[in-house]
Every structure is written in C-alpha cells, then in structure tokens.
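Just below sit the structures, each encoded as structure tokens.
Two complexes come next, and they have one chain in common, chain A, joined by chain B in the first and chain C in the second.
The block that comes next holds the complex of A and B.
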C-alpha cells in the first residue's frame, strides 16, 4: 500500500524531476527530423509535409530545431540516415514515405524516447504513429464537379501505384461523378512511379486521346499532368498542394492536405510526454483534407450541393463508401445500408463499377 | 587564328607526380567547395566535419562505410579485369539487379524454408544470375561484333523493367497492400552479420577475398597477362595467339558474376527483401571506383573505401550540416573531375599556341 508520506515524497520528487526536465528541455531545442522521398519542390507531397511543420516552428520558435533531409530513396540508405538523425539528438522523426517503414519501426523499438510519425504505413507502436489522408473524401467532391463539366462522360486518372490509398481516391472520384451522372466512366493509367514527369505526361496525353475530358492527377509531385491538360484546354485537379498557377485557365481545384494540425498535436503530445502511437487516418473533419481553389466554371447550383455534401462528410453523417456499391466485376462491394470502416478502406483492393480499367494484378 | 590547346603525351610520367595527383585533386575539390559553401552561407567547418571526419569518428558510422564499401569493391574488382582487357562492361547495374532477383527466388518461392544452406545458395544463385545477364552482350560482341558498351547499358534498362514486372506482378507480397515489394526474407535467408551490433555482414569478407583473387589473377597468372596485352596491344596479342573472344567472354562473365554476387548480398543483407530501389547506382559508381583505383586490385580497395566515405559523409552533411542534396553531389562530382584531370596531367601536358603541324599560328 502507498501511504500518504511516500505519496508526498514521490510526487515531490516527480515535480523536481519534471522541473529539471523542463529546464533541460528549455536549454536544448527539441530536434525534429523530416525525411523526404523526393526533392522539396514548390508543390506536391514533400512540399505539403514541409509546410505542415511551419505552424510547429511558429508555435515553438527556437525551442525546436527542424532538420529536413530530401530526396532519400527507400532502402538501406534511408535506414542509415534516419539512424543518423536520431543519433544527432532528434527526438521526433517524421518518415515521409511508406518504404521507410521497417527502418523507422526499428528506431522506435530501440529508443522509446523517440517519437516516430510514418507516412502511409500500417504498423503501430506506443511511440510510432502511421499517418494517412482521407483523400477519398475530397476526390468524391471533385467527381461531382467533374461529371458536370464532362461532355463525353469519360473521365481519366493518371495514377502512381495501385495501392489502397490511390485506389480509394479513384473509387470515390467515380462514385462522386456517378452521383451526378450515373453513366460516367473512368479510365486509369498506372505509371508505377512516384516521380516520372515524362511518363506521367505521356499517360495524360493517352487519356485525352481516348476522349477523357476531365483528368485527375493522382499523386504526382509535379504539375506534369496539370500542364498537359491546360494546353489541351481540359479541366484537371490534383492532390496535396494547389497547382493553380500552372493551369490558370482550366484548373478544377485541389484536394489539399494540411498536416499541421496532426504534426502540431503530435509534437505537443511528445513535449508533454503523453504521446500515444495510433493509426492517424485523417480527413475533412480533422482539417487535414480540404478542397481548395475551386474552378469558377463549376455551376453555382452544383457548387452549393457540393458544399452541402462536404458539410455532411465533415460532420460524419455521410461517407462516400456507403452501400449499395457494386464492384467493377459486377459483384457486391458494399451492401445497402452499410458503410465501409476505416480498416476496410485502408485495405481496399477493388474498383467500383464505372472504373473501366481493370486493376493490375 | 585561335588554336585550341592540345594534349601531348609526356615522354615519361613523373612517379612523384603520380603519387601527388590524388592529393592535389582532393585539395582542389575541397577548396572549390569551401568557396561554394561560403557563398551559400553554410558553415564550411561543419560541412567538412560531417563529410570527411564523422565517418571515421565512431564505430557505428565507420561500420556503415564498410557496409557501403562491400558492393562497390566487389563490382569494381570484376569490372577492372575487363577494363584492363579493354572490354567495357557498363552494365554492372543490370547484372547487380539480376543477381538480386536470382537470389530472391529462394525466399520468395520458399518463404518457410529453414537451414544454413539458404544464404550461401542465394549468393551463388545471384552470381550465376549476374553472369547470365552478361552472356547476352558477350555473345553479341563475339558473334555479331555488337558494341558491348551499348548492349550492357541497354541490358541494365531491361533488368530494371524485369524487376518492376516481378514486383508489380508475380513476386508482390500478397500481404503488402499492393506495394511493389516482395515478402520480407526469413532469418536463414539473411547473410550472417560479421561485426555484432552493426549491419556489416559476411559479404565484406567475400569482397576482400575477391580483391586477393583479382590480384593473383591480374598480376600472377598467364591469363591475366594475356588480358593485359590484349588491352594494351591487341595486334601483338593476336600475333601471340591470345584469343580475343576468350578475353571478351571471360571479362564479361567475371564482371557479371561479381556484380550479381553484390546484388544478392545486398538483398540478403541490409535490405532483407526485393524492392524497387535495391541499388542506389552501385553499378555505375563502381566504374568510377575501378578507374579511381587505377584498375589495380589494391588501388581499388582504397578507392572503394574513399567512395564509401564520400557517400556516407554526404548523407551526414545533409542531416547534420543542413546541406542540400545537390551540394553533396557537387562535392562528390568535383572530386572525381579533379582527380581525372590530375591523373591526365601526370601523363599528358598541355600544348598551347601550336597548331596540329607544330608551327605557330
């Protein structure tokens, strides 16, 4: 049993220890290291992660020191660089690509004082949180607008890899379009690269040649697809950060990601010592996903409807993946009256009916 | 009339300058980059500390240098034998990839297999795979007189696509959420660690043994002598009855064998699975390593170590000294340019102001 005296003693000791800890903390800035898979450009995935740290910097000032290491290929080099960042005293490690998962998890297990945030993964530990955006919430809204602007009824998507994150984006895009025009069809070109502007542009041109007249640039880090569509006079949209300046005439909008609420909360929790690793699957309600730079060409009445749907997604009363949904092969995907759970969404490996291109097997 | 300066071969290369050339090259590269860092507003002391000293300052970071040395050493030794015979195998990258693929066949097809035979079998399979990939350019060169530089280079591009095909299709990890990577290899499919607490494995020993074998072959064996003559004076070699076809076959097979072995050791070592970014340009870097080492087995041991230090140091500078990745590449590149220039001036002198006939303009 703990009597009153020992309780007082331990709490007093705890308070002193906390005070010392706080002082030591004040003297030594908290090191935050961000490891990026591609160059930190003006737009795109890496850029959105870097921008997400700005509010952390603004809030903590000199109490944090942010180190950004860009263009690190997934593999043994990334493992070493993450180890080096932690050995240098960085206590919060943001691993900005799926392929860093195993190396980052090893660091988290070896050193419990380090907090690891890992992009798009599925592993969780007490000091390790995977994070991903519910892009599908935004692409559903984009699908509604795309269907209204399309004359041919054919939409296209240049997509990086056939992983669940991108599959769900395409599916929700298709479902949103079908909510406006049930006969819409979506064609997909998988370029199998996160960064290959030449191939992405070829893919975009191929989709245009097939008659697609709204294009979804799914996870490209440069305005490769967007600029091809601008030249062709075809509306297009992309993820992560706005590329409106590259397509001033035809830009449809951007399903933007703002990681700052998540990064700020995680750093706050790390500083307070209350960080608890969990799967962070964040969307419109968390202010992580937001559709910005809407095209003025979207009809006003449809825009009002889109805003209504956005509000129901934000308050949780509506999910794009609500049944009945039929799979591309004709079988039942989601039964009427049921909604896919987050766990089902992050593992989605089938296309909805209306996606004309079969999924690569 | 303006006459471009010409290079004239020196009557006799100075032995003293041959030794001094690398030191002058390093000094020149350091000076140029020092100015660059000052212009960029970086602290040059911190950069050089991170780049050139830190790799040696802790056992943990020096072990990473050794880890990086292994594949460079192995591939460069194999290539140098061919380069000496003037057989230019530029496709070690592709042979490396094929080695990785062949080695991965065991853990991918038999993920449950156990036993101490697995990793040696993988290394042998990998070496065979690399050699087989070199059979095609060797055959084409001997039978069809197709330039082996072009064929080996293009075979590397094909190898990368073969890897992509396997990872996107038949060899994809069924539980990997459609990411293009194989299953993680089982314990017995990993090359045993050589130095406890580090990632350095037995393949470093194999690389060192290969250096000794290469030395014996090149300096002590009659066949090595034939190679040398064939490279320096092909017609003399032909008069002496040394077979050119045999030299081509052996050069390419040895190069492919070594590169394949390195690829196998990489997937069965620090990576632990087959994935897209298995090689960060080892096959191409090894060409530079081979020439930096003067195509001499002992020189290559030193140059592979130097190259590894530059890689690790460059990564360190990105993490610790806030240096952008491009500046790291500039340092590495300028070092090689200065070295090649310095070694050129050991054997040649500049002739300014004379036209080709030796008269003044």
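The block that comes next holds the complex of A and C.
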C-alpha cells in the first residue's frame, strides 16, 4: 500500500536524486556503490564482491568513484542506504544480498539511468540484472578429488540453509564423488543460520565424529569449518575465496568466484549506454567460477582427469546434471540422455542418491 | 566416535559461554537489577580477548582484559540505572546495542582472523574411560566455570554476602533500613555480571570457536538471560539448563550427521523447546517460584 505521504516522500526523493544525478553526470566521475550484507573481511562472500571491482578500478582509474557500504542487514535499513547511494549520484548500484531485491528493484524502476546488479535474485528489468554463480560446476570437480582422498567413503558438508543454490552444490559434489567411487556417501548438517561460527564448528565436529574425512564448507563466510578440519587433519574446501592460509596442511581447494568479468562488462555496457538487464547465471565458461589452490595431495592421474572434466564443463559439452540421475528417495531425477536446464537447476529441491541426510522440507 | 561420545565430549564446552554469562546475570538479578545488555557485553569481551591473543598475549591476560572491559561497559549501565534511576530495560537494551556496535568497530580489521585455542587437559585414568572419557578431557576454562558455578551456589547458600544480596533484591527499603548499602551492593553485582559476560565472550572468541567475526555471539547472551529466568534464579537449575541446552543442540547436529530422518529445522529448534519444557516442568511449583522470584527485580530504588 502506498499512502499519500510515502508517495510524496518517494517522489521528492526521486526528484532530488534525478537533479543531483544530472549534475553529477556533467563533471563527476561515474559513481559505483556496492552494498554488502557482512563485514568485508580478508575472505568470504563480501570480499569476493569487493575484489570483483578491482579490474573496473584499474581500467577506469579516476573516471570511476567506488563507494563500499558493508555490514548492512537486509530490510528497511538497506533500502534507506541504497536510496542514499543513488541520491548521492551513484549510477551503478551493486546490491550484494538476496534480501536487497525489492528495494533495489524500486530504485531501478524509479530511475532508468541507474544500472542495478543484484546478487542471487530472480527479478529482471531493463536496467536490473540479477547475478549468481554456478558453484555446482566447481563442487563437482571437488567431489572427484574428495572421493579419491577419503578412506572411510563418507564425506560431509556443513551447510547454511536448504535453498536450491546450496542443494545443487551438494548434489554436484556427491555426483562428482560417485564418478570416482560409486559407493560414496555424503552427510549434510544444516545449521539453519547464515552466520554462527560456533555452531558451524560444532557441526563440523559432529561430522568428523561420524567418520566423514573430507568436509565441504557450504556458504560459510568465516574460516570456522576450515580451521576445525585443519586441526583434525582432514581435507576441507569452501566457496568464494581461498582460505588456504587457515589450513596450510590440509586445504583441498576453493571453488572461487571472480565477479570481475561480469562487473567489468556491466560497467562497460553502462558507460556505452547499451546495458540490457538479464539473468546472469555464470560459471566456469564465463571465468566467474574457478577451482583455485588445489591441494598437492590429489593424485596426479586424477588431477589430469579433473582438468579434462573441467574443460568439458567450460566448453559446454558436459553438465554435472546429465541423466540418468536417481533422487535420494529412489525415484528418477533426470532421465538418461537429458540434461537439466538452468531454470531447472535454480529450482532444484531434491537430493541425489548418495546424500544420506534427509532434506528439510 | 559415535554421537553419544561426541555429545559427552563437547557439551561442557558448548555450555560454558551460556553458563559464565548466566552466572553473572543470576547475581545481578538476585540483587534486584535487570541487565538486558549481556549480548553486547559478551561481544565486547570477545573482541577484546581476541585482539589480545592475536597479538601474542596469553589467554590469562585476554580473559582478564575481557572481564575488565565487560565490567567497564556494565558500569555505564550501573551509573544510568542506579545513579540516574533510568528504566533498566531501556538502558540494558541500549548498552547491549552499544556493546555490539563497539565490538564491530574495534574488531573491524580483525574480521575472520583466527587464533589458537587452549589445549585440553587430560585427566589420567578418567580421560581414558571408554565412551565417557571425553567428558573428562576439557580445557582449563571449562573446569574454572564449574568452580565458579559451585562458588556462586555456595555464596547464596552458605554466606552472609549471599543473604544480603538476596535481601537487597527482595526488599531494598528494608535492607537499607537495617544498614546495608543497597546501591553499593547493586553496583558490585552489576560489575560482577559484566565481568562474567566479558569472560563468556572471551571463551567464545579465543577458546571455543576461536576466531573473531562481527556478530559471532549470535544470540548467546539472550539465551543466557532466558536460562536465568527459566532456572528460577537458582544456581543449580541455571547450570542444568545451560548443560541441557548445549547437549541438545549438539545432539541435533549429531543426529543430522548420522542421517537420522528428522527435519533439520525441528532439530535446530529442539534446544529451545527442550530447555523451556524441562525447566518449565521443574519450575512449575508455584510456591517455590514465589520463594525464589526476585520481588524488586527491575525496579529503580530510591532512598
């Protein structure tokens, strides 16, 4: 519901923003604002977004002015800060968390001269692109390595929430492991929290106590799980940015995300006036997802095989979600000879056979 | 190691942050003051202790520093709540928010760094018992927190100081009339509570997890507060509640790791449900509740 007061407020705000924006356009450098859900540390999701802007800075120099606002909770606060960023003359807004979606979309609709890039959402507009990474392409490769290093045949994953993005990562991890050892089993502990380092560590210890001997830290922004595994002498890996420095002896590798190709292309398009909003679901082929800091403990012949698979994923001739794939409940997930489309992958709500822990409903 | 061994080996350490904070708050509330700022005080203690250990300080120094920082922050609460007789709920919440903000500010450049925790002490004989041996393999702070539990219990049970604190919480006017320094005692309780919350945060950031990340206390201060109320202000029940909460939350994680076909959201909420139900049942005796409840809790005292 929009009452008259909020209508007047938003219109006034929009008018001011437009006025300031127009003035800024004449003399000022291009303003880019990045809004982050967590503090920008040396590792993790927020860090990967910040690092993604480095090539933009390098290419444009003084012609861009980058503003980073960190640790903004999803909700009204985020809307206020994004509105302020646009009112301050920023023309490219990068909204770094799913929950910023509605506020960011309002800004995009109100001011067509602003280009909005939004992390992991589903809404699209001519000046609004959601972006997400195909982590599953990397976790498949990790699964292959994990199966070779595991002695117990049991792998574990500490995972945040049972949403499709995380489910697909676990599924691909399991399928990759089964490609090397068909009898592999994966246990998952859902901590049901985006951020609770102490609980994440307890979850990792619970998995280790069950005999899991390779651990996948699925969407944890701190090295909580990685450091527990180093202490226990068990290989572990994570997403987004490398945590090798926290586990120099046992680190298996990182399914890293490099947003710079996407950010650079989007800013280029904005400057050229050719930006067209679209769903950006990016992976190995786009050089957004890449496995880095591979452990030297992965056997050389397997490593060669992993590199082969990586190349077939990059050229599009292979997808981890190619049938036949059986669901955890025994029914058919993907028929033989068919491959899941991107739309089916982002909506995945079932585990593949081999994932022992039932999926929360 | 199976699920039971895992729970036995880790439940004391999991309970320690709750226990330390709740023991402090227990004394504060027994004296008739409600300090809702525990969460923020824990966060401040956590970041101070982490920075000390990160720069090569010993854990002993880190815990002292965290306790001191917690006491300092709670002193602000004391001045406002006792000196200016402000609303304790409002001031407590404000101090909690202040503590969280301060910890984020101080810890900004330490985000997501790690330190080495304390090593566990093996008790000869006991630690090698099958299944329950893990229960006797704990770090020094766990043992000290058990000693602190006994000390607080003994103080209320056997000492004059314990009785005086209870009297001040029960009826400050009467306590004042017979010559007890109500305000001074309440200040003392608040400083003790703040220091304990600081220690609880220090344990979370330098021993249990051990890393610093903004927001890492993740609601543990609020759980400690709830434990005091559900434990009906009795030391033994607060201890039992903390242990139960720790054990059930570990149990939920172990059940998932063992692929028990139970919903993970249910398992995540189980610690809260079980703790409330169990403590609710043992506290359902109305007569006992009336005896143990703190009559003047949260009321400003004016001479």
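We adopt the following convention: the second predicted complex is superposed on the first by the 335 of 361 C-alpha atoms of A that agree within 3 Å, B and C clash if a C-alpha of one lies under 4 Å from a C-alpha of the other, contacts with A are read in each partner's own complex, and residues count from 1 in each chain.
In this text, a contact is a pair of C-beta atoms (placed from the backbone, for glycine too) under 8 Å apart; a residue touches a chain by one contact, two chains touch by 3 or more.
The structure displayed is predicted, hence computed values, not measured ones.
Clashing of chain B with chain C is the outcome of superposition onto chain A. In the superposition on chain A, contact is made by A:162 with both chain B and chain C. When the two complexes are overlaid on their common chain A, residue A:201 makes contact with chain C while staying clear of chain B. In the overlay built on the shared chain, the residue A:39 is in contact with chain B and with chain C. Judged by the touch definition given at the top, the superposed model places A:88 against chain B, while chain C stays out of reach.
Of the two partner chains placed by superposition, only chain C is touched by A:188; chain B is not.
Contacts of A:232 after superposition on the shared chain: neither chain B nor chain C is touched.
Judged by the touch definition given at the top, the superposed model places A:122 against chain B, while chain C stays out of reach. Of the two partner chains placed by superposition, only chain B is touched by A:349; chain C is not.
In the superposition on chain A, no contact is made by A:314 with either chain B or chain C. Residue overlap on chain A between its contacts with chain B in one complex and with chain C in the other: 39, 71, 162, 192, 360-361.
Across the interface of their complex, chain C is touched by residues 38-44, 71, 156, 162, 187-193, 195-199, 201-203, 205-207, 209-210, 212, 221-224, 227, 246, 356-358, 360-361 of chain A. Interface residues of chain A, counted against chain B in their complex, comprise 33, 39, 67, 69-71, 73-77, 79-81, 83-85, 87-88, 98-99, 102, 122, 161-164, 167, 192, 346-347, 349, 360-361. Only residues 1-3, 5-6, 10, 14, 17, 104, 108, 111-114, 204, 208-209, 211, 213-216, 218, 220, 249-250, 253-254, 256-259, 261-265, 268 of chain C touch chain A when the two sit together in their complex.
Against chain A, the residues of chain B that register as touching in their complex are 60-61, 64, 67, 164, 168-169, 177-181, 184, 199, 266, 270-272, 275-278, 280, 312, 315-316, 318-320, 322, 324-325.
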